[in-house]
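Down below are the structures I want you to see.
Each of the next two complexes has chain A plus one more chain, namely chain B in the first and chain C in the second.
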Partner chain A sequence: MIRLRDLTVGTRVGLTLVGLTVVIAVLAPWLAPYDPIATDADNALAGSSWSHWLGTDQYGRDVLSRTIEGGRFALLVSLVATTAAVVVGTLIGAIAAYYGRWVDAATTRVLDAVLAVPAVLALLLIVSVFGNSLWVLVLAISVVYVPAVARVVRGATRPVLSTGYVTAARARGERSLPIIRREVLPNILDTILVEFAMRASWVVLLVSTLSFLGFGVNPPTPDWGLMIQENRTALTVAPAGTLAPIVTLSLLVVGLNLAADGLGKYLGVDRARRGVI
Partner chain B sequence: MTTSTVAAVRGLRVSYDAGDQRVTVAEDIDFELTRGRTLGLVGESGSGKSTVARTLLGHLRDGSRIDAGTVTVFEDDVFALAPAPLRQLRGGTVALVAQNAGHALTPSMRIGAQLRETLDAHGLPSGDDRLIELLDLVRLPSPDALIDRYPHELSGGQQQRVAIAMAVSTDPKILVLDEPTTALDVITQAAVLALVNELRERLGMAVLIVSHDLGVVSAVADDVLVMRLGREVEHGPTQEVLNRPREEYTRQLIAAAPRVHGVDIIGREDPDADVVVRCRDVDIRYPRAPRLAVSGFDVEILRGETVAVVGESGSGKSTVASALAGLADVERGEAALWSSDGTRHDLLGAAARRPVDVRRSVQLIFQNADLALNPRRTVGDAIARPLKVFGRASRAETPAVVDRLLTEVGLGPEFARRVPAQLSGGQRQRVGIARALAAEPTLLIADEITTALDVSVQAEVLALLDHLRESRGLSCLFISHDLAVVRSVADRIVVMKDGRIVESAPTAVLFEEPRHPYTRSLLEAVIEPGHTELPGSDADHRTTTLDPDAPLIDIGNGHRVRDDEGALTTR
Partner chain C sequence: MLRLIGTRLATSVITLFLAAFFVFFAVQALPGDVAEQLLGQNATEEAVATMREQLGLDANVWVRFAEWLGGAVTGDFGTSLVSGESVSGTLWTAFSHTLLIAVPAIVVGIGLSLVLGVWAGSRRGTSTDSGISIIALVAMSIPEFVVATVLILLLAIIAPIFPAVVLGGPGASLSELLPAIVLPAITLVIAMAAYIIRAMRSSTIDGLATEYATTAELKGLTRRRVLWRHVAPSAILPVLPVISINVAWLLGGVVVVESVFNYPGLGKLMIDSVSTRDLPILQAIAVLSALVYVSVNLIADLLALAADPRQRTLHSSQRRSRSSKEATA
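Right after this comes the complex of A and B.
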């Protein structure tokens, strides 16, 4: 599989950033020094001190604790939604490419139609109709991103279909799904992995955007997008409340991009030719 | 250095970075190029011949460098030149013609504009009259119309002629040709080589031709340098090297080259053998194509017999293979397969709709061994798959059967755990054969299986196939563009052109008495080692046209010829 020392510095930095964010989010309840939703009116908008490293917000809630806990929702939604979008998109893309002709033409038309709708607009619509529960968000984001994934996978599948091993499997009379699973998927796995990392970074931003606009999590739950929205009015008084979630969000997105980029190069450059399965 | 010497390579060593170590691609290479003479660089893939040839243009692959030696063109050390003189040298003094003109020409530029670009870059007059003169020089028909065409509107041979015209447009002193005819069919190849000879004489250039094909080199080169693994094996006048090779490796290369003449044809015809496959009047059309890909295809294959289908690209020969394997739809006609117990199975319709036994009985081996095996699966896995799909072995028996098959194709059981990237081209092709054998087929369809292989490897693979056919009583449909390859393996040959059969006969008869003009021109165009005669440089314009209504006529002896003009009357 992937050997860490073969990766470029950028890739390692990216993977570390992502890994760190995920670990912190998972361990947040134990790491956070204060209860992130406990208010303390006497200590509102305090600067950084030994008791509150990043100060407090307008309700006196500890910014550090909120920042540590604030990634949980976005990460959870991103992980589940991206996985769903990539799995479904891969299936649709591979099947469209495999059957070709009218199946392909029809699928592509539908995907194009969905792609034409702006992502944020579609999400706002869905959330305002069905509410903002976790599963609605996951479903909405998957629907928005499935077409993009499907198109990429369809493009990657086509050259594989003309190879001898696929032809041999067809001549053996194997069915489409075993052919796609055994012969096609292992050879486009690099594309799919990169697609996953790339989409994940977009989805993180999208979820935060929704929270910022007030369509994501409900206050007082800590969330980076929501924190930026809540604290930006106090930007001059207690800047840490706005800057901390911005920095963590940026680090995660940069990390995901670096990892996607590096993994793409690492997995894509004729990996199989070097004798690695 | 004498006055006629235009370039000299002395003690050249080139190496490149591969991870932590440096790999030497060429070592101790010495040669001179002389005005009006041609040097042929011959070697198998990986011998470093292209690397050496391109040093004349001051070009090295990324990560490569010259460790020792010099490359001198006239008085200049090529690798010491400043960028500006180096650009003048490239294309000005030394010109290159690459292997695939389809890739060498810019698809979005008209032929005339591309030629003009080269002339302008070297500050030469680039009027229409000069362009037409150049296209005329390379014997392209109606040059004034051609300058307004795009590359895709030209055939492969015409593209290569344009590439040659571009190379000679600056009146270079040295012409470097890197596998110039590998992508062309035999008739066009012969014509292009004749053109190279003619231009060398008329323009007084020194020519360096790189090829894996001893026949090509012997037809055009005055001297030949045989390379192996980056080192010189033998260097001398062509006739001397080919007729009296001093080195064992040269002898092997010459022996492995497929020939049309002087090879015994084994008459294995057994008229009592039962028919395995019979096709009658098969028409094949690709979905929604206006024209039939194959029309009126007839063939009969007996048990243990190899029938070869020969034709140039686009003749429909591979389409026949796909149709029999159930991968292309047959529009009309009948095709049937008889299993050993005498049951008749229909060979029409898609593979997925055929009974298991029929799918198992027909197995394919592919042209491109690189793409024939799934790079992410081990060799053992690839061979085990048909065993599982066709239920030939239980899960417990599978490893043993895979080992036996690998041994049978001349690899060992240790190969089962390797992945395709760890195998050479010849080994991959053997795995492809083992995978086909795993199904225990009745009919093996071999589609251009040796095209991508070096001659010595090709000879081994052909020998293996012949051995298997005998030991297993396999029937084989052997698709090839190369008459010389077919001669040593086929019992009968079917020649195709434009989707139609033009001639079909037992191998010996076809080579001794070719009747159809197309078959004859194919045979004349084959160049083999020791062959110095070339047909005219415009030979590929004398195309044979087929009369769509002409019938195939049986002239006895199992010899059938299409009744086109000149097929039956002249001899």
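Right after this comes the complex of A and C.
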């Protein structure tokens, strides 16, 4: 098991940042000083003051409250979508590697073809047709990331298959699925964990990008990506409205990346070598 | 060797065909067909039926796929549902605009990040290394639209050196576009550099730990010569796939950057076509992006084959992974 004492400083900083963001997002309704969607036309684009620490946006909504609540949707979508993508991708990758031959060849070709189609195009099209409800977003994002996860897991499974304990399990006459579940999966768990942490950081970026482009959450809802889009026209007048969500979003992703790097180093999975896919 | 290249070419063609297949049938599966799109919600049943007949939507879906594919191979993607112009014309204009920001970004980005990566790797553990690594980590954590927004604030509003957005639409001339390519290109460089820097750093560290690097050092070469002449060239090999993925991403999906700068390239065309549901254009963009993805990966693989004789034999991958594991330990 992972012991906190063995982790590097960077990893601990990363985990703290992520933990803090999650706690704030969960407790947001109690922490936010104002209703994040209550407008106040007389008080629009105000600077920072004792009543509004970070000022207000163009509709007079409190920026601090919106920033505190702004991570909830992105975090929820990211958590569910990353889990779905990693679970499905792991199954596909492990099964393709286990059965080998034509199953493997066919799966690889199909995954490659899906990867060749730009993710953003698929996402935007799915969202524009089926709406932007939570489950549509989760489904769309998982579809985009499943092939990449499957490819990584397939690569990690292949060396495990030639080990003695898998051969022994086969010789005992165990069936394929129990072998995958009991022998293969525990031994590629490190790769899967690092994969999860890495994907999570990209999914957070992707969700906020979708919101920024107007394909994510619906406008009155507070969301970091959407806030940056809404407030950046007033960047010179009330900079806090844009800078606050930028800082919180970046801190979360920096935290996720630090955690993924540290986890990878701890578990012996070199992450930097791999790039985006 | 020739057989290896042949197999690699064949798989690329199959991948491309499969991608086109998915794109076509995914679009077919969308609710509401092109005839209903064109006529709007108030159209009568007969009008929709007539329109379907005119567009040839009555034909069997496989026949239409074959026809569409046949057209796509010769570069004919039909006509846009919105503007009525030929899709390939619109597509090439947008693609050439995207190349205008992507090619400088790719050249500068790859060059800069390779050098920074080697530099950080050769000074592992020093403050130079930590500095570069932290900057790379932050750069990959900040979304592109934030980088673009900050660049606009710094270099277009506070110090008005470059235009913040492109005002001319798709018909903008080259002289209008040239001053506007700088900020989008810088954004792309920042977005892609981080991954290449990290991969190159890690690969350089491996390279410095090899026996040939020790040999070169022991025969009295300067550290600089060992690094740049002996280690760096072969350390680029494992980074090639990272570079190719970044380049493919850059050419296929510069959606965010182009949308922030209102730059009339492929990504902007994609967003506009999604909002108007211009399906023929979206299909064409998807196929073009798939073509770019497949070609860039093919080129990277062929370069690796040309540069590394070990990859030309079947068991190379095992041997390579073992040696790199020893090096990281």
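To be clear about the criterion, the second predicted complex is superposed on the first by the 268 of 277 C-alpha atoms of A that agree within 3 Å, B and C clash if a C-alpha of one lies under 4 Å from a C-alpha of the other, contacts with A are read in each partner's own complex, and residues count from 1 in each chain.
By our rule, contacts are C-beta pairs under 8 Å (C-beta built on N, C-alpha and C of every residue); 3 or more make two chains touch, one makes a residue touch a chain.
Not measured: the values here are computed from a predicted model.
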item: Chain B versus chain C as contact partner of A:I228, first or second or both or neither; value: second
item: If touched residues of chain A are counted for chain B and for chain C, the larger one; value: C
item: Which of chain B and chain C A:R101 touches, first, second, both or neither; value: first
item: First (chain B), second (chain C), both or neither touched by A:G173; value: first
item: Touched partner set for A:Y165, first chain B, second chain C, both or neither; value: first
item: Which superposed partner A:R181 touches (first chain B, second chain C, both, neither); value: neither
item: Contacts on chain A seen with chain B and repeated with chain C across the two complexes; value: 272-277
item: Touching residues (chain side chain C, partner chain A) in the complex; value: 11, 14-16, 18-19, 21-23, 26, 30-31, 137-138, 140-146, 149-150, 153, 157, 195-196, 198-199, 201-203, 238, 241-243, 245-246, 249, 252-253, 255-256, 259, 267, 270-271, 274-275, 277, 282, 285-286, 289-290, 293-294, 328
item: Of chain A, residues touching chain B in the complex; value: 101, 162-165, 167-175, 182-183, 186-187, 189, 272-277
item: Sites on chain A touched by chain C in the complex; value: 109-110, 112-122, 124-125, 128-129, 201, 205, 208-209, 212-213, 225, 228-229, 232, 235-236, 242, 246, 249-250, 253-254, 256-258, 261, 270, 272-277
item: Residues of chain B defined as touching chain A within the complex; value: 287, 325-327, 351-352, 354, 356, 359, 362-364, 366-368, 371-378, 382, 385-386, 389-390, 419-422, 432, 435, 439
